[in-house]
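What follows is one structure encoded as structure tokens, with my remarks underneath.
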Amino acid sequence: MTAPELRVSIQSDDFDTASEIAVLTQGRADIGAIVTFSGICRNEGGRLKALELEHYPGMAETEISRIAHQAAKRWPLTHLTIIHRYGMIRPGENIVLVVAASTHREAAFDAAAFLMDFLKTRAPFWKREHLKDGSEGDWVEAHEKDETSASRWSD
Amino acid sequence: MTAPELRVSIQSDDFDTASEIAVLTQGRADIGAIVTFSGICRNEGGRLKALELEHYPGMAETEISRIAHQAAKRWPLTHLTIIHRYGMIRPGENIVLVVAASTHREAAFDAAAFLMDFLKTRAPFWKREHLKDGSEGDWVEAHEKDETSASRWSD
Amino acid sequence: MKLVYFAWVRERIGKAEEEIALPDNVGTVGELLAWLKGRGDGYEAALRHADAIRVAIDHQHVEHRASLAGASEIALFPPMTGG
Amino acid sequence: MKLVYFAWVRERIGKAEEEIALPDNVGTVGELLAWLKGRGDGYEAALRHADAIRVAIDHQHVEHRASLAGASEIALFPPMTGG
């Protein structure tokens, strides 16, 4: 199986999901299935002004690339894109994007879900809330169930 | 749980995945996760000129809406879009799009995968190949494994 | 009663739809398939492996044991290959 | 050896990074956490529940039983909440 094209970007700027998909399909006719996951900042019932994402520069790239390579080894993918933002992110804005392309839909679905489970539990990012009333909110707590989701992929 | 916004379209025209996603996120800040599935016509190693999709008008809409409502009952979704094309579709063009939006990623992933499994096995569409050499190819055969995929959702 | 055919079922039978009057002893989908099969070579070719044929009554998938009572449009087609 | 801190570990310790010289009897990640905890109130607050602290050596996640031998950058942080 040929190695998929891989694109990993850790950036503060917003990105355009549409053009990330377009880039992938342009001039190719061997891709049968594309699954995308977009993680978007919620307003949490209106009380949130922004999420601040702190990250560990250097390790974030390394760790996400490592996860991407694991997915590429496990499923027959033609392309994999992972973009993760850091810095201040307002409600409605993108936080993370995963695009998995394959000839078959199961591989694209599984790879995208796998990547998200591992981004949640292994990528060195931490979210803190900034509230509408101007106060600095708490650090978001990790969820036990994210660990459980990630553990389902071990075989 | 509130019923999700639902959009089902059976059409011969191509569609724009990007604007389908954009429509959904515009002016909303309660969506945390969007999963999209795009099914794209492959060229099958270069031998395919086009896929012709025959469908059963009337039943296609009814059956896809039924599947969409099942997904909406089963997972907490804020939005669901299903577009399925019919007619002549060339390699690289879209065949089908599913967009599932939710506050949580598991619901969005599962709903999108569920919808695709049931579109494959329950939506009244039939693919026939048209070959590059000008000849009319065969009707595409149904895969046993699509039935198996669909059966994993029965509980 | 209206019968509609799709994909290779339509091609083998040689028409997309027809109106038929059912004999009294045809009460289920399975009986309909068996009866249709005897109507000529095209029907015979289309319905040779009747088990594989999918049927919808008024736009709803049904099993072969389903009753035809009250049906106004019955569709016969191969396993679906959309998505 | 360089130590780097993130999120509330960074805030409680009151700095983002520091250079330290390890005592000879600190050979594993677990021993490092225990030793750091005794260095003052900020460290004590950050490392009170040491089991919950995640550690990376030179950009790789490691367990608390891992050896520090050869490490040049050690990172301490809470469970991750990206994605």
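Here are some notes:
All chains are identified by letter, namely A, B, C and D, in their written order; residue positions are counted from 1 within each chain.
By definition in this document, a residue touches a chain if its C-beta (ideal position, glycine included) is under 8 Å from a C-beta of that chain, and two chains touch if they have at least 3 such contacts.
Given the structure is predicted, the values throughout are model-derived calculations rather than measurements.
Least step count on the touch graph, chain B to chain C: 1. Rounded to a whole number, the gap between the C-alpha centres of chain A and chain D is 26 angstrom.
Centroids of chain A and chain B (each the mean of its C-alpha atoms) stand 23 Å apart. Each chain gets a centre from the mean of its Cα atoms; for chain B and chain D, those two points are 48 Å apart.
Shown for chain D are the residues in touch with two or more other chains, of which there are none.
Residue numbers of chain A whose C-beta contacts span two or more other chains: 39, 116.
By the definition given earlier, chain contacts exist for A-B, A-D, B-C.
Remark: chain B residues 39, 53-56, 58-59, 62-63, 84, 95-96, 116, 119-128, 139-142, 146 touch chain C in the complex. Chain contact summary for the complex, chain C toward chain B: residues 4, 6-8, 56, 59-61, 75, 77-83. Residues 16-19, 21-22, 25, 28-43, 91-92, 103, 105-106, 108-109, 112-113, 116, 149 of chain B are the ones that touch chain A when the two sit in their complex.
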